[in-house]
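Two complexes come next, and they have one chain in common, chain A, joined by chain B in the first and chain C in the second.
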Partner chain A sequence: MTCMTENIKMTEKSSMNEKRLSLWEFGKNRLALFGILFIAILCFLALFAPYISPNDPFAQKLDKRLLGPCHEYPLGTDEFGRCIFSRVIYGTRISLGIGILVVAATSIAGTSLGLLSGYKGGLFDEILMRGVDVMLAFPNIILALMIAGLLGPGFLSVVLSLSLTQWPVYARLVRGQVLSLKKRDFVEAARALRPSNFYIMRKHILPNCMEPVIVLGTLEIAHVIIFASALSFLGLGIQPPTPEWGSMLKSGIPYLRTYPHLCFVPGLMIMLTVFALNFAADGLRASLGQYAKQEVLDR
Partner chain B sequence: MDRNFKLILLTCMLLAVIGASACISGENDETAKGDSFVENSQDLVVGISSDVNNWYLDKFADGDARFVWSQVYETLVRLDSNLNIIPGLAESWETPDNGTTWIFHLRKNVTFHDGTSFNADSVVFSYSDKSYVRQAVLKPIKSIEALDNYTVKFVLQKPMPLPFYLTHVAWPIMGPGCLDKAGNFIKPVGTGPFKFESQKKDQEIVLIRNDAYWGNKSLLNKVSFKIIPDPSTQVMAFENGELDMIIKVPEYDVKRLEAKKGIQVQKKLSTFTDFLQFNCDKTPFNDTKVRQSVAYAIDTKALVNDVLNGVGKPAEGRPYSPNMMYSDPNLKTYSQDLDKSKALLKEAGWEDSNRDGILEKDGSPLNCTLLVSKGAWAARHTLMAQVAQEDLRKIGMNVEIQVLDEGAISKLEGVGNFGMILRTGYFVWGPYPKHFFIHHSKSPYSHYHNETYDQLVDAADSTIDPQKQKELYYALQDFVIKEVPAFYLVHEEKVVATGPSVKGFVITAEDPWLDLSGVYLERK
Partner chain C sequence: MEYPKASEVKRPISENDRNIRRISMWKYIANRLAMVLIVIAGVTLVSFFAMYLAPGDPAELIALERYGQDLDKSQIESVREAEGLDAPVYFQYFIWLDHLLHLDLGRSIITSDDVLEEILLKLPATIELTVAGLLISLLIALPIGVLSAFQKNILLDNCCAFFSLIGISIPNFWLGILLIWLFSLTLHIFPSYGYGSLSHLTLPALTLGISMSSITARLTRASLMEVMEKEYILAARARGFDEYTVVLRHALKNALLPVVTFAGMQLGYLLGGAVIVETIFSWPGIGKLLVDSIFARDFSMVQGCVLFIAVLFSLSSLAVDILYAVLDPRIRYDMYD
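So, the complex of A and B:
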């Protein structure tokens, strides 16, 4: 929210009135509110995991395996007698961590490349955009699988493989924005003062294409969380015993027919998180105005 | 997108998830019987987890391939369902000079699947120096000679109990018809109760009955081996009636299947043992005390009773399953003792100087990797690895589990870049205690080097005197318990489940081996 308001402050055309209006719009959107609330709870859980989780997420109690929900274990125990509730909470750290890290890396890289490409044009633009075309033509997950497979499993390899495959969407989006922005009057006016190109890009163009990037970034966190879980599910992501939702899902599969809660809990968490992020992005899109909406939809 | 639409979508998805989980968890007997076609064909469908990687004697048949081989090929000497040695394609054998020369008298009137007759020449062909077994295990064979059409003489460099070696399903008798005139492999030609029919890579292998079989002909017309790598998927296919038999039931499904009507679950202790093999060439496991402390840290009883649902037998460091020859029943084994384990590590110089829970020595922490094979022989391995990891965390050892495919593991193993490997079997066939060769300096899988050990293994393998063998193997077991080149975790219990229509199946203790004689189908 703070990020959004700051951004609105930055944009040249938005006035205080518009800002209040859009915030109010956002508040009216119940689903978006649910999304933001849920994400806030998740962030809280991730930050204070050691204080909230009732048990050590790694401690095995082999005599207390596969318990249902009870007083000591709110969501039961897994195949090694570890507390599922604590593991899900610690899993929030991993999933949100990967989501935020990857989105931060890709949005910075993608935005800068898109900005340069759109502003400079010419051969650089041509080469970069054909590269982006190639990347977008590949199914993302296959490329990510390939990279993760080459790097071997682990947290870093997940972040790297997802970062390397997700940046083109930002580059493409920002470039489109820049192409239309750089012909606008206020850029022409700024140019009259003969500042450096970098100054124009930073002060006049970048702030104006941040809205769709923020919306896209929110959507991408959801996307990345799903991908990271998928990689872990396939055994290429986070390794046991680190609690990660995807790998928890995988290790629960043998017990799907006898103890479905092993799969159900992490599965539900992935689903709810992704829904929440999507609703939040939807709300942001609506409140940030028509302009952003159109661009993201065109993507 | 319209907000209402999203709400509807959300509700639908939630309902779908709940519905799906309800369907799966519900023990619905009606759907399990859902075989709509009523047929009394004698076509058995068996689930296995890996394809036959090789059909010819120049390479080793690994994984589940040997279950298929045991239908097509036969060996000179056989084992019955309780591991007693019985005649196979050889009717009798003798050694005139205490184990250096062996003479096998072959069964007459046996024909190969291509119609040619089985004779001494085919034995010479099967154990030619091009064969895998001659290059890997039976190097001491000096010569093989056909004395007449049905007598073969093996001459060895040293006395060895050769008949035991010749029971192994992966080095059976093959007909020269396996090869074309140029010497290229064309098709599997054996003498077994079933003939090779077709193979779809990673999908299915079809065998049909050998009507010219010399023994009791099978009652089945056809056996299809369906390849389903994931054990849970295999169990589901079995319960849906797509498979008549699964031969490696995962431990976590045993109790549930046992409780189901119509399904028969048979269990038998095999001679396989799961073990943690240490890299004794590198720190920290080059120190015997560290290896011993691992042995004291891992609770194999809890492992079997809790995690493996009581399937199998806790090994507590005992290298030989109780039904292995010369397995010492009075061996002093390990039981979990964390204090002793920690004390041993302290003696070895490992201490937690920075209080992070992980021990250090000379500034480097007690870290190691544990390699587990992805297409593991058994589904239990990943579970066992995680239990070991947690047990070792308690004594301050940080274990990183790497689940990798076989190729990646042998690469890491080759350069010595690992701490421990979780394995099963290795040089195990039937009850013959060849397994100790794994830690022998000359073994390709050895990461332990000790001359006394090598000499003991060589001596034990070079005698056929039971009293002497017993003494040597007992000494070796003591040695392994004290020196811990590997820590033995669980003696495997074979679990085979058969569907309601399968009759007459009897499980054998030999692994990998599948005995389908006497099996027939009664489909309702």
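So, the complex of A and C:
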């Protein structure tokens, strides 16, 4: 009995080595490295925003409206004379915060549901998968739009509406993984020891479907950031004066002709962040196992 | 001596395809249809009960919209009775469903217009926009996909890959603003909002098309590269066709099948993207109607729009699936796995 568990541990160990090797591959992928670096910088900005930003992001100076970049205001000022640079830095907190919160909530919920559904099968599986089909029948952000609209604007309603609509992606992915994993020999072998179902799911199946979930999660942070800023852009998410990239973009539109930097700065920030996350996900996908490559691409 | 016909020969069942059964086309269509009906039933459930996420008493909310701030109890009660809100929730759902089956989506809380009529009025503009967006995305994606699949030049291939990553990363509202700034405010070529002529259509359709084209380009490239490995390409080469004939006549035709299906499926995502694009460009479609109704807190209109879009999406993906099954019988094999 101990021999068998040792065997399993050994295979796990060798796969650890492979992972370390593939992390080296990851390092070679320059774009992925750029992505990770950029995200690290963003996290740094978000954490230390009060120390980095040169000005108060809320302070309105009406005599200094719509300035171009200068020494005091590195990226100029907006229509109320607020420092755009500081506002963008504080906006990092909100966008990354929403992205990480939503992805944490949805990946945990979706993964557990998918795991249970794939492992148990039967009626629960059938009902859950039809539920997933139903949720995915609402294209793009339509459902999130409706929920956010009904709940009223605000940070919490953005997080809630995106969490309620984004979990099915994980459930479907993990369920597919579990279905193929549970037929594999090592699960059969583990079952010979008659452990509880929960133990098999936690120890043998879950670790083996984490790779695609990690890749999907990275991509999903990007999606969530786009969706959250789209909600704010439409006026259903974070409201001004809170500095959020989407709502900054929106309030810059009337000045697009004469002061395009009001739109360009937040727009570029959203794009670069999503860009970096996509690169990072691509790099992860390339360096992680074969599973991750297939399943996430199919999506 | 008579040889058995090919169709009579039993396929040996190998270890790998023990779960794969071949089913007839009608059975496949019936299966898909049943699935779509279940999904649509679920969609009605979600769109009905999502309304209860709105904080507060629905009757009071409706009364607030109708009579303004100073309400008395009797007004709320009269609204509750008129809208059937005094019945139990599940009962309300079935009544709503009954109306739905008679194609009655109710009336707008604010303007008392018929919801379905209003939606159908806006539908042509949305269809116009999505179809134009789809065409533009194919026009951009196919050449890029084909070029990058055959490009020995690493630089060009990387450019294509880079373009497709940009296309995936750029949010469509930001792209829309960039296009307005460039083509409308700086170059003065196209108008930034409005509806009616081809020049009004250009910028919104470009916005939708560009953001969709990157995924399609990726798919075209992958599909084409896969097809080029096939034996019939080798056979075509062996017959002495030049490279252009091999690619255009033999490879592209087969490679485009998944691309076309995917494009059909994208129609639904285009509908979703259209919500934002229509709002930016003041395009009088369903998406703008939805966003406007959300701001007006016109619950029945919001419900109607969301339901309509989801059903349209489900039906369009059903149509695509059936079309695919007709075009490529292999798809029916892996129904159950």
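Rule of thumb we're sticking to: the second predicted complex is superposed on the first by the 281 of 299 C-alpha atoms of A that agree within 3 Å, B and C clash if a C-alpha of one lies under 4 Å from a C-alpha of the other, contacts with A are read in each partner's own complex, and residues count from 1 in each chain.
Throughout what follows, a residue touches a chain if its C-beta (ideal position, glycine included) is under 8 Å from a C-beta of that chain, and two chains touch if they have at least 3 such contacts.
The structure displayed is predicted, hence computed values, not measured ones.
In the superposed model, A:T242 makes contact with neither chain B nor chain C. In the superposition on chain A, A:G267 makes contact with both chain B and chain C. Comparing chain B with chain C, more residues of chain A are touched by C.
Of the two partner chains placed by the overlay, neither chain B nor chain C lies in contact with A:S95. Of the two partner chains, chain B is the only one that A:Y255 touches; chain C does not reach it. When the two structures are aligned on the shared chain, A:N55 is found in touch with neither chain B nor chain C. Of the two partner chains, neither chain B nor chain C is touched by A:T218. Judged by the touch definition given at the top, the superposed model places A:T77 against neither chain B nor chain C.
In the superposition on chain A, contact of A:D63 is made with chain B only, not with chain C.
Within the superposed three-chain model, A:I226 lies in touch with chain C and out of touch with chain B [touch as defined at top]. Applying the stated touch rule to the two superposed structures, the overlap between the chain B and chain C interfaces on chain A comprises residues 152, 235, 253, 256-257, 260, 263, 267, 271, 275, 279, 282. Interface residues of chain A, counted against chain B in their complex, comprise 29, 31, 58-60, 62-63, 65, 79-81, 152-153, 235, 239-241, 251, 253-258, 260, 263-264, 267-268, 271, 275, 279, 282. Contact residues on chain B toward chain A in their complex (touch as defined above): 1, 3, 6-7, 10, 13, 17, 21, 24-25, 231-232, 236, 250, 252-253, 256, 299, 302-303, 306-307, 374, 379, 382-383, 386-387, 389-390, 393, 400-403. Within the complex, the chain C residues that touch chain A are 35, 38-40, 42-43, 45-47, 50-51, 53-55, 165-166, 168-171, 173-174, 177-178, 180-181, 185, 268-269, 271-273, 275-276, 279, 290-291, 294-295, 299, 302, 306, 309-310, 313-314.
Partner chain C is touched in their complex by these residues of chain A: 130-131, 133-135, 137-143, 145-147, 149-152, 222, 226, 229-230, 233-236, 246, 249, 253, 256-257, 260, 263, 267, 270-271, 274-275, 278-279, 282.
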